[in-house]
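Input: structures, listed below.
The following pair of complexes shares a single chain, chain A, combined with chain B in the former and chain C in the latter.
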Partner chain A sequence: MQRRRAFLFHLVCVVLLVGLGVGSVLGAQKPLVLKMFSYDINPNYTGFEDPIGREITKRTGIKLDIEYPVGDPEERITLMIASGEYPDLIFHKGAGKFVDAGAFIDLTPYIEKYGDNIKKLYGPYLKRMRYSLEDPSIYYLGCFGVDSEIWDVSGFQLQHAVVKELGYPPMRTLKDFENAIKAYMEKYPTIDGRPTIGLSLLADDWRFLITVTNPAVAATGGPDDGQWYIDPETYEAIYHIRRPEEKEYFRWLNHMNDIGLLDPESFVQKYDQYKAKIAQGRVLALTDQRWQFEEAERALRQAGKFERTYGSYPIVLDERFKRADLWDPGYSASWGIGISVTSKHKEAAFKFLDWMASDEAQVLVNWGIEGVNYQVVNGKRVIPPEEFARRTNDPNYIRETGVGLYVYPFPQRGDGQLDPTGNPYTPTTKDYIKQRYSAIEKEVLAAYGAEMWIDLFPQKSEFPLKPWGAAWQIPTPMIEDLTIPLQRCDDLCKKRIPEIVLAKPADFDRLWDSFQQELIDLGIRKAEAIFTQLVKDRIKLWND
Partner chain B sequence: MRRGKTKERLFQVFLYGVMVLIGVITLYPFLNVLAISFNDALDTVKGGIYLWPRVFTWNNYREVFTYPNLVIGFNMSLLRTITGTVLGLISTAMVAYVISCREFIARRLVSALFILTMYVSGGLIPEFMLVRKLGLMNNFWVYILPGLISGWNVFVIRAYMDTLPESLTESAKLDGANELTIFFRIIFPLCKPILATIALFIAVGQWNSWFDTYIYCSGNRALTTLQYEMMRILQDVTSATTSSIYGMNEYNAPRTSPESIQAAITIVVTLPILFVYPFLQKYFVKGLTLGALKS
Partner chain C sequence: MRPAKGSTQPLIYSMPDPAAPTWGRKIMRQIYQQRYLFLMVLPFVVWVIIFKYIPIWGWTMAFQDYKPHLSFAEQTWVGWKYFVELFHDRQFYLVLRNTIAMSLLSLLCGYTFPIMFAILLNEIGRRYFRQIIQTISYLPHFVSWVVVAGIFTKLLAIGGPVNQLLLALGLTDKPILFMAKGEYFWGIVTIADLWKELGWNSIIFLAAIMGIDGNLYEAAQMDGAGRFRQIWHITLPGIRPVVFIMLIMSIGNLINIGFEKQFLLQNNMVKDYSEVLDLYALTYGIRVARYAYGTAVGIFKSAVSIVLLFLANFIIRRFNDDRAVL
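Now for the complex of A and B:
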């Protein structure tokens, strides 16, 4: 009885205390909730209730209610515009529709008045955010890291087993690449009981561009400008497959097919079949981008077949060319976050964005909370080992801690940039990337006298400025003479290139010439002239 | 005599063989999805999963069920399926009865109006504006009212009603029944096979739809549906595996792959409706053939 009474007493106390606690929290200032639409899904968002989200609310008095599209985001945007009701903040991937509908406010006066942090973060690139020559308003702030260092590169890929077996031969030209594949394939006609595949391509829908046509520009020294090649001197745009250099790349593919080193299923296989072959460890070489085959590589790692994962090599057509994978296009400002005309809290929303651009916020969103997610030792930010292990291995890390959750698509500093204390803004460093290399990867790199794959490539500093940015990010306006020929030529490529690559070498020249004539007949020259003008307009807008 | 018997038996064996083959072919896609859903995601990447999993795992299902809102979504899907089916069925049958009545003067006009909806629709944006003006945004009734009556279903039911002898309604009228009594006491029970069929169509449609949740009700978590939540999970997983170029995602190995999650989701959403099927099946087969053949 006594005990019971004591228990009841305690219970009452606890209830009272909890009540008081809740009361005081409710009594505190209620945060201002800003609605936001995000074009990209963030699977780790839990309603701004994670530790970092709460910390941001504490420091700014703002809470974000973010809506992510579940279906096609374009559909959602169309409805938003039709109804004329916008959330306070909109993250878009192409401002055209919004600007045409008058959905965004011009941020220029706000930047002048309240935007010190934004000015500091974007620096000279604020110019690149102006909408067009006719309308130089700034409608949104770019979402990519400013001046981000590139430490990861795809190049052309070869299995580590191949270069190791052959004693690390020089890997410069397509000839080197071909010889390595050939020598290894002759030695090992099967891998794990299945036939070895030399080079496999993927032509499934839009992926055709990634492994079939883009590599032709890359191997002939061009940067990634989508379907275009821009002459760095005259700024003339040309549909890149029309460059004579690239003819030689396809001649090589044709030759590879002729001598049986090209996967005969290259142009018919689906994405999952392609990944399956790679995951089985029997494809020796690829001309792909890492994000496209990393799932298969992960399966290889899980199976312990590290020697079947891939190294990245700066392969070019011949010694005349220089791989431009690390040629920095500069800041890309075509996607970003803007404030809507219907927002009732424009000033607060802007001040929030400006706060997100501050050093304080950048450290918070990238590193987390001091003493919890990182520590400062001798003036240096370090992540404790257990935290680090969780950060790399625990798939729920972001969701539970909120660290890294609010970096993209907000204003952000790039990897490798240092804050006033001399610490990097983001925890991604060269060392971090090196730590993730496997033992055999380090062995191969050491044999080539490098520490990282990027060391094998011509460095960023070897290239001049790229004043037009990346041409694939230039929005294509609806001009009949541009969009229609472009679409038709893209379709034609998908049809003709497989025919040409799979043809007998004797027929190559004839087929190629007729393909080129067809492109001209479809009106590609006119489209090139229009695009050249777009490039020149952009250069003028960005650099005046 | 004996030869005839063996011949017949051989034919039977052949027949059964063909049937089994057709059965397997029909079931295969489903079995394949089932197998993938129970197979380790990274192992699935290697390909070659056909009828059973190679590396068994519950992880794909575990991943699906870590998401919140699934219970709310399930209840809401159930509620809208039941409400939508009951109301939809009664309303559709009533319209069908009215335009099957010979003495109804405007039957041609009304039929024409319904036929029109089968060929022309307002399109997404006008529909959206209408729903908004009607005050149905973030409202449960947006799941029920706009699609309550479908022209197609009306005509399927009417075609069936036309096969009922007219003398039935006439004699009922002589006995003093009004139209409502005739409809509920005579027509409705007689139409059971076709009504079961239509009920299944409506129910499957209601159960499967997610787009209306997305367009009209994404602002209210309490109105979320199972399919909508599944769609979200699928997109989350897809974006987690493909957007590794941005920010921190690249450090965290995705829990599973889109293909495997898609398979698990397919199974999760298919099973409930699959259980309804056997109960309606006896009507279903009858309904489809009856409605189509008798005239």
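Now for the complex of A and C:
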């Protein structure tokens, strides 16, 4: 017994020593870990341990330790600022709070010194990344694809089964939309044994904006400017829910509720409940954005229920309006990654970002590893059919391969841009999108005389230049007369709009008017004046 | 504060006596005599100072236009500006109403039900059965609010079990959207809270009941008291001190009800009934980076808590001279 114990003791010692030895040898090549905060949650993040993450570490010696916010990212940010402890890299959506607190370093000297790839990638748009007229420093690198072609559009969504069943009726106005939902619902009160839902909305937290208030602008011909509508001639900003046209959109929602086509749980359900309903294939119509219901749609594809996935239609309030989904805002660089003042590895962090902007990195993050995720045939990058099928239909593809995981929010080339070898930087091309369409999708498109969904929408060329970019990307400085009324009005919308939509149609006008008055009482007019000035300042900043 | 009961101070000390030690000396001697007790208490005093008193320094923030990256000397002082703004905000009064309403409801239910439960549990004769019931009843305490909120949302959904039951019983002909009705929100929160904390809150009362001298019950039985008489005349008076102390402690916390349950159970439709003070401070203080405003809300809460605490203590002292703790 005694001897055995001694033996075990020695064994443990040996194991420990060997462990230490191995540890120190490995330690010599241990990658530099940079801490990063990301505003957006990425459920596919694996701690940089997926194949692409490991490849990036191999090539740069850097590993990212990314922190995602739990709950409201704005709250996480204010706490971070209060503590004064920042990670090395910060991906934000509006630098106002950070810049106000002096949290970012000016990247201009770094771009001059080490930023060749960044200069190449952003080109003329580097100018647009300057913070403001008073402070023309560059605090962050924009997170969206540069000069991206828009080939994908969300519009309003209807299940393919609905239009097919009804013989492809014209889909232009809310009336067409409503009639289609109604006709199908009367024919099929249940789908797979569960009650059919006409139109479902999602009001969970900020998602309220995406499916409830933004569609009101879209259906009345406005471009996506967040909470604002900017007059294209005078550049006057107005809190968009105050436009008289939008009242009629909400009147329609109220009517939809009245006749039982609106999901009664619209304003109560949480995001997972919403996705679950869609994945069951029983929600006929949505006014959502594809990135939000994509996951549920993937589940439908995987289950082979292709007829329950959605087509995108340019639905407007009435014939006066023109959907502006394809109105190109140009490159609006106000969300992006900055380097914090407290970082101990500023230079390394910058060089890493510059590497991410290089052609080599762009191909790696977009296409994956050569020979594994794609092949080069006759100088062309091709995705083998088997890989392609997984990429389209497998919900776990990104998580398992890491392909596409590190594109956004890092510097990225836009769709349709070609690298020096003549290949596109991103695999997203017109052909790629068409290839991803299911058989029934192609059938529906053919019936409407189109090849792609964007063909149904008013084209980019029909719209004038949008000199202010996208208003939701205008950084808002911490001005109390702007931020406080805005927060209050946003909160008020979340309360009042559900009440108004679910009210009896007879009460609609009265409720709407008192809601409008409340907005004015909360000081929205002053906020609008301040924001108008910000829009004008931005136009000046971009054009000097 | 007041001399402990039974301490007999010799009258002579209160008379001027040149030989008597001075006050300072007396205290020093007392400290020396009780030095071990003082040593034992020291870490906790230090803890309280570090974690409860030093942070009060942060209250200065409420009187500044606070910017976290500036040093204390560089801040701009704004006086009572944020308090004035706070008391002029209609939303604030709404939020205060919700906080107090939900707090009172949970105080009411969080008292009567656990006490009743503890008494009933005590009346169960079989020990094992009693223990099993007790364990089952306090298990939900360890379930996170996220899960509890999920359970209640599912239970009360349109196709959920509650609605199915109501439909089956014919009590309603259309499913009720419980979570969308503001009037129901306080009730739902209270019931969820009750389900989660009933067993846990009853533990302390159960322990108090266990501490009652068994002879009293025997004597009562001899005198012919039935079960209800025993409960009324022995059990309830026996646990009265505990009930009072618990009451004082929770009245002091009346306004600090936290926000987890409200935050997790709420949705946009019931915001007028679900928003509580802490949530308000979070949205209009922290979310929009107005640290000063958030601090002002915090100070208001502390002030209210202190007033409530003294009030509770005063009332109880009026009722029963022995039980006041301050």
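What we mean here is this: the second predicted complex is superposed on the first by the 323 of 544 C-alpha atoms of A that agree within 3 Å, B and C clash if a C-alpha of one lies under 4 Å from a C-alpha of the other, contacts with A are read in each partner's own complex, and residues count from 1 in each chain.
Here, a residue touches a chain if its C-beta (ideal position, glycine included) is under 8 Å from a C-beta of that chain, and two chains touch if they have at least 3 such contacts.
Only a predicted model underlies this, so the values are computations on that prediction, with no experimental measurement involved.
Of the two partner chains placed around the shared chain by superposition, neither chain B nor chain C is touched by A:505.
By the touch criterion stated above, A:475 is placed in contact with neither chain B nor chain C. When the two structures are aligned on the shared chain, A:82 is found in touch with chain B and with chain C. Of the two partner chains, chain B is the only one touched by A:299; chain C is not.
After overlaying the two complexes on the shared chain, residue contacts for A:275 are found with chain B alone; chain C is out of touch. Of the two partner chains placed by the overlay, neither chain B nor chain C lies in contact with A:169.
On chain A, the surface patch touched by chain B in one complex and by chain C in the other comprises residues 75, 78-79, 82, 273. Residues of chain C touching chain A in their complex: 67-69, 91, 153, 157-159, 177, 179-180, 267-269, 271-272, 282-284, 286-291. The touching residues of chain A, when paired with chain C in their complex, are 72, 74-75, 78-79, 81-82, 84, 97, 100-103, 195, 203-204, 208, 264-265, 267-268, 270, 273, 478, 480, 483-484, 487-488, 491, 494-495, 498-499, 502.
Residues 42-43, 45-48, 124-125, 128-129, 132, 210-211, 214-215, 218-219, 228, 231-232, 235-237, 239-249, 251-255, 257, 259 of chain B touch chain A in their complex. Those residues of chain A lying in contact with chain B across their complex are 40-43, 67-71, 75-76, 78-79, 82-83, 272-273, 275-277, 279-280, 291, 294-296, 298-299, 302, 391-395, 397-398, 403-405, 407-408, 412.
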